[in-house]
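Note that the chains are named A, B, C, D and E in the order they appear, and that numbering of residues resets to 1 at the start of each chain.
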Amino acid sequence: MKRPIVLATALASGFVLAACSGAPAPTESGAASDPAPAASGSSAASTDASAGAANGLVVSTPPGTGPLENVNFNLGDGEPLSIDPNLTWSGSQNFVGINLCESLLTIAPDGTIQPGLATEVVQQDDTTLVATLRSDATFWDGTPVTAADAAFSLDRARTDPTSQYAGDLASISSVTATDDSTLTITLSKPDVLVRSNLATSASAVVSKAFFEANTDTFAKPGGQIMCSGPYKLDSWTPGKDIVISVNPTWWGKGEGKQLTQKITYTFITDPSAAVAGMKSGAIDGAFMLPPSAIPPLKQATNGAVGFGLGTAFQAWVPIVGSGGPLADPKLREALAKALDYPSIIKNDTAGAGSPAKALATPGSWGYEVDTYSAAWDQLPTPAQDLEAAKQLVAESGVSNPRLVIAAFSELPDSVNGALVLQSAANAVGFDASIKKIGFDYANTLFSGAEKPDIDIFQTNYLSLVTDPLSIYSQVGLPKGAANWGGYDNPQVAELLNQALGTTDEAERAKLVIEAQTIMTQDYAWIPTTTSPNAFFFTSNVTGAVVSSPAHIWSPWANQLGAP
Amino acid sequence: MTEPLIVARNLRKEYDDLVAVDDVSFEVAPGGSLGIVGESGSGKTTVAKMLVGLERPTAGRIEIAGTDCSVPARGWRERSRRARSLQIVFQDPYSSLDPRQSVGDALREVLVVAGLGRDRTEARARELVDLVGMPERVLGSRPSALSGGQRQRVAIARALATEPRCVILDESVAALDVSIQAQILNLLADIRERTGVAYILVSHDLAVVRHVTDDVIVMRNGAIVERGETGTVLDDPQHPYTQLLRESVPRPGWVPSAGATR
Amino acid sequence: MSVAQVATIVRTRRRSRLSHLGVIGWLALAVIVVFMFVAAFGEALAPYDPNAIDIAYSNVGPIPGHPLGFDELGRDLLSRLLVGARSSFVGPLALVALSTVAGTTLALIAAWRRGWTDATLSAGFDIAFAFPGILLAILLATLFGAGMAVAVIALTLAYTPALGRLLRATALRETGMEYVKAFRVMGYSDFRIVVRHVLPNLMPFIIAQAIVMFGYATLDLGGLSFLGLGVQPPTADWGVMVAAGAPALLQGYPMQTLAAGTCLVLAAVAFGVLGDRLARMWGVE
Amino acid sequence: MKSFLGRRMLLGLVTILATTFLVHIALYLAPGDPIDVLTAGKPTTPERLEALRAQYHLDDPFLTRYFSWLGGVFQGDLGQSVAFNADVSLLMGPRVPTTLLLVGSAFIMIMVFGLSLGIVAALRGGVIDTATMATATLLSAIPAFVSSFVLINVFALQLGWFPAIGIGDGTPIDTARHLVLPSVALALGAGAFVARTTRASVRTELGRDHVATATVRGIPRRLVTSRHVLRNGLLPILSIAGLLLAGLIVGTAFVEQAFAIEGLGKLLVTAARQQDLAVVQAVTLILVVAFVLLNILVDILYWYLDPRVRSEEA
Amino acid sequence: MSLLEVEGLTLDVPVDSGNGRILHGVDLTVEAGSAMGIVGESGSGKSMTVRTVAALLPPGATTSGTVSFEGEQVTGMSSDRLRRYRSSQVAMIFQDPRAAINPVRKVGNFLIENAVTNLGWSRSRAREKAIEVLREVGINDPERRLDAFPSELSGGLLQRVMIASTLLYEPQLLLADEPTTALDVTTQSAVMALIDRLRRERGMAMVFVTHDLELAAAVCDTILVMYAGRIVEKVPASELHERSRHPYTRALLDARPRLDGRESRLRAIPGQPLSGLEDVTGCAFAARCPFALDICRTDDPPVVVVDDGEVRCHRVHDQLWEVS
């Protein structure tokens, strides 16, 4: 009678030990034995969307047929700061706004650029674009969408200091509404990317009258917005949810469209809570699942996990411009050869990713797909070669060179990633250490600023548009929006600037591929794996666009409905 | 008449709305023995506390062995000096000794603080234990191992350690059984005889007062109602209250009477 | 002689000897001694380097040579548990020591000086109570960078008023005892009376409270580590391991979370039981 | 009664002001700049930073920010949240009732189970006493973040008795169903503490003389227990209610995180991490005010129930 | 058959080393309307004896021997019978009224609780009767006192409330466990006068426990002297001073200082009072008795009837001191 407590504890620990299973031990060959897609380099990734299908990647779930009253959609990285198209840039913030506001052009699930509010956008000459607007598009309040609204929105996007797209639209010098349905955009210098950027939220059209009437609450939590998209904003209760419902007067309505009456966005950030929500049916769907959530959801009986083809990838950004050790390309190559890629793919993408030979992954080939695919085949698949890595470090002339890896102390995945690189780097002769940084360091990190105190950090980035030139110009050009490591190769800069000015797609592809080859040999960035958009939908919801960047630039919920 | 050892002049003590002690004056001659008799709420304990500096008098003067002690000592040095002239033994044997300290340590500590050299404290401690009629082996034991009577003996030994000129016995035997009370009373008589120490006995027990004290003051509601030589006051009480007190003490042939109800 | 008095006489006889801890008490003591031993010699005992990463073995279950299997970075779990014991013990030990010393000092000052000092200190305790401890931990973490030291200081500021309030009541009773009055009359200095006499008499109560507090300290520090405010990776710590194991738990590999969780619970239970038994033995309620 | 209440109210006010001021100092000293959160992840131009700093008046001197915040509170304006880019009062709106509901139901659970376990253990003694106290010690040793996992996985996912996350659609029954598991997770630790304290307090009361006199005056055992033992024994439990609330508030941070409930605890953790001063101040204000009000309520109840307090005070 | 008969009563209490015996075979009989005083020092077991009569035993205690009230075994009573015994036939008052009355409820509740619960009186009738008995025990302004809390009354007043509570239901036997020890001597005298008057008016029997021999002699018909859990002498109160035979009784009388004269030294009894728990052979008082012989230390002294008292001493018939 005196020992109930001991009994209880013994029982508890006994149960614990018995119930413990673990992942199957890796077979000696070190190949991940999980059902990861066969990622051997040799299989030719075919050109079109079906390429993705080869290794389980899809562009969208089968289109919905029946109507649905409401779909609960979870935003994994929390409540958006705003749904103002100018402020939404990365991740889940877009999944709301993109169903509300439309841009001049749009990106189809297969990545090609299609007409949006503008029936066509013509490149008259190197520095002028002319867009002709649809005549039947109206805002939710019934007022017509005019060129004046489009001009106002585009000007706001490129001049408002808080706008995220000021950088991307920098080369536009003026925007004028020549008449109700035509818009003329003049550029300060030739820039082919401007037209593709018009397919992103940079050119989202908002009602000028409505904005001027509600400037301080516009698109803020609890506030309102006036756009023309397939869904309109019903309510936003900060800290609880955002509810959007079908816009009955949408110009594009038709068969198989707007099947879901209402979408309720929730903001559950804790991975285990989100998984519990999905398994219990409280959440119907979510994009960009964290790696740890994938395996349990694979066992879910009420829905399925899938992976969207896309341009997103994971890479290490070496700091080359601040006089650190990684200024020497040999050391960058040594690091690239030290990494155990299959394990990274298994752990960081739950096996859905595939080796990233270069920054512009297959999902970003919006044109000249065959040329880019052929070039992709020439590139070597990154693989671990510890002997070669050690050799390179020895040749560098510096005995165990310093390697300071920056990691966000708040994000466990960021720290774990740093630990993995640290152990690999030390194994090949580096003297690697980890520097923990807080969010306050983010600004310096993701900018062109000098970073003498760190040598490398990890990022999940993507090509914003389906044009390889976009990612390479952002990383390759000295003033590039994503050139955070201070990479400066005059030859590459020359090729990219020339490409920016060539409207002919074949010619441009040749220049971009040349730049791609040099940057890849230079290891400007060290890509580790593609990170497809892992998504989950319960069995009673289908029809979502899942390929990136389409799912962040086009109304992905347009065909959402019952199977 | 020799210089009085202890002089109290017009002592007064007020607590917000209650007057605990009202104009009390008395003297104690060296080697003398004064009884302060009264029931609970009479103010007798408050007077005792004022004498040893545990309570601050609202008014009045206190002189002990020539030095003015009307106000409680500021620092512990002043208190230590006064300790060599006046000491006190409390009523409850269970709470007046530090439960974790052995009898020997308790005595040695007092002696050290009183300024005795470390070499002589051991011998003096043994003397004190012997003085209060206890075997030397008690030096090693803790209060929890002793009976009520033995603890009071330790308390008395501790009070005598500073060789005070006078010891206040605040109901020191009230909590003891009859047979033990008798032993302690005899012990107190022997100690007074051998050391010439003066006593101030604060008690409600007239028989004990009769046995120990030479003179007595009777207090009621903070004031002295009668004073004089103990024998005369108890045999022929003048003040009605003293008469009532005397009449209420059970003795052969006594019958309880309603008397004044309170 | 009332019933209560008989009971006390009977009970005082039983109080002193340590053998009265009872089976459960001894068992709790044994568990604590084992944990202390592991905390002291964790590194030496660990069969493998707790920080050696091999992500090929991520979340792999028990295999020969690795009785508890691996964590999410392929590090040997048994070694991490053994090494983790230190931070899971040094932290709470420092926390309990600091808050006990601070709490006791404040309680003694309040009980000795009474009057307005007592009132202000008690008001201070109230204010400290109202201040959400977790907010303090986060702010200090952002101020000085998260880590075990910061977490301990933050929780000390939360534990001290709790202990202070608890000890004040007992200290007030002890300073009211007549032996304190006797010592004042004997010319002992305030310091001597409080430190040499009142404090030793409070020790049984203080020790019993400290031991019970140790159980809670292990949990709260583990909680802060869980929130990323206590021990920082890659150092091994049970609280961190419970958090780090959560994703694996979702995948059906609960070893890390439940093993570290069991250790935390076992430590807390052991200290709770020992604290209770000692308190009961020393007649302290 | 008046002076007693007056003193408690004054102390309460001082506590509120002191705590919010301490929070203000702590956040002001914290290094780093909340602005980084706003611009996280995207390169920004200096002008943009400037505009944002002005919008959230991050450059005002220290004291003016505190008093302007305090002034605002009285007009119901709790300021602007930097991290959520919204009015703080809007953020607090839905969260306050959620956390109050959660803490409230946990409190009821603690009192119901804690008290009954404690009373049964104290009155029965023997095996039942050791068993209940053992389980209480075991339950109190399980950290909130571990018990949350176990409860979700067992009762929500495997058995499906209760919903796993969130607080439902607002209808009473649905909210109640959603609150069961989080309240249990929150109540475990504190419940065990109450059970242990109740047992100790009821046992001391059992030993009191007046219980013996009641028995000897022939009062039936049942009445002696209810009128004399329990009534006196449960009074001290009231006094630790304040202590309990402080513990619960900390606990909500874990439970709300694990059960994906948008409440004050979770908000406090995220806001403090991003040094979002306005939100941290607002949450602390509400928690402290709730804490102070409850303490005053407890004191009034104690005053009413225990005459000894009254005579001491007078 | 007398009102209360106690024969061969022993009481064992759990101690760490097994069981300790507190009462070693106590015999006493109380006739209806008579008053029995039980006197002794700490540990003599006087209080335990009176509590056993009220069936109020410490936890884990075991008794043997019989306690019968009007011929009926108290120790064997069912809980209902015991409740009727305690609520209407026997009443008990204690040493510390402040601890014996629930401090958190009004004095009124304390008084009428028994009447309303056990005797089925209505609240108003019980309240009236309470005011009546309060007045009878000499408490002025009883209405206000009913609504007061114990903490607002003095020790003397509370003891009167205790006594009043026993008068509500006319018990046949009053058990008083040192009721006036905590009171001042003047209050003691008044309270004892009150008890004495009320007892005689109602023909109530009493068992009065005290450590004060003189007080017992003043209010009781017979005196029992207890030492170390045994009764050593039973003597009529009137003959206590002149004809008490047992050396312990004699020594107790002599140890007290006199009120009407001052001797230089008291005839103190050496050593300490023994408690029942210490096991001893022969006469328990032998170690401290000036007249002890070897036989006293080996054989248990027999009970010797002498005049109309009883003495438990080997040397009863020896002329130990001149007797007037």
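In this section, a contact is a pair of C-beta atoms (placed from the backbone, for glycine too) under 8 Å apart; a residue touches a chain by one contact, two chains touch by 3 or more.
Bear in mind that the values here come from a model prediction, so they are computed numbers and not experimental data.
**Student:** Starting at subunit B, figure out the least number of steps needed to reach subunit D through touching chains.
**Tutor:** Between subunit B and subunit D, the shortest chain-hopping route counts 2.
**Student:** Using C-alpha centroids, which chain lies at the maximum separation from subunit E?
**Tutor:** A
**Student:** I'd like to verify one number: the distance from the centre of subunit B to the centre of subunit E, where each centre is the average of its C-alpha atoms, in whole angstrom.
**Tutor:** Each chain's C-alpha centroid was found; their separation is 32 Å.
**Student:** Just how far, in Å, is the C-alpha centre of subunit E from the one of subunit A?
**Tutor:** Distance between chain centres, rounded to whole Å: 93 Å.
**Student:** Between subunit B and subunit C, what is the gap in Å from one C-alpha centre to the other?
**Tutor:** 48
**Student:** Which whole number of Å gives the spacing of the CA centres of subunit D and subunit E?
**Tutor:** Subunit D and subunit E have C-alpha centres separated by 54 Å.
**Student:** Specify, in ascending order, the residues of subunit B that touch 2 or more different other chains.
**Tutor:** None at all.
**Student:** Quick check: what residues of subunit D touch more than one other chain, meaning two or more?
**Tutor:** Correct list: 31-32, 137-138, 149, 153, 208-209, 212, 273.
**Student:** By the touch rule stated above, which residues of subunit C touch at least two different other chains?
**Tutor:** 2-3, 7, 142, 243, 246, 249, 265-266, 269, 273
**Student:** Under the stated contact criterion, what part of subunit C meets subunit D in this complex?
**Tutor:** Checking each residue of subunit C against subunit D gives 2-4, 7, 123, 126-127, 129-136, 138-140, 142-143, 162, 215, 219, 222-223, 226-227, 242-243, 246, 249, 257, 261, 264-266, 268-269, 272-273, 276, 285.
**Student:** Quick one: in the complex, what on subunit B touches subunit E?
**Tutor:** Interface residues on subunit B, with respect to subunit E: 39-40, 147-149, 177-183, 185-186, 189, 204-208, 210-211, 230-231, 234-235, 244-252, 254-262.
**Student:** Which subunit C residues qualify as touching subunit A in the complex?
**Tutor:** Within the complex, subunit C touches subunit A at residues 22-24, 27, 52-63, 68-70, 72-73, 142, 145-146, 228, 232-234, 243-244, 246-255, 258-259, 262, 265-266, 269, 273.
**Student:** Please output the residues of subunit A touching subunit D within their complex, sorted ascending.
**Tutor:** Per the stated touch rule, the residues are 1-2, 4-5, 8-9, 79, 81-82, 89-90, 161-162, 164, 166-167, 220-222, 237-240, 266-268, 270, 272-274, 276-277, 279-280, 282, 410, 438-443, 446-448, 481.
**Student:** Quick check on the complex: what are the subunit B residues that touch subunit C?
**Tutor:** Subunit B residues touching subunit C: 52-54, 76-77, 79-83, 86-88, 90, 92, 95-101, 109-110, 113-114, 144, 155, 158, 162.
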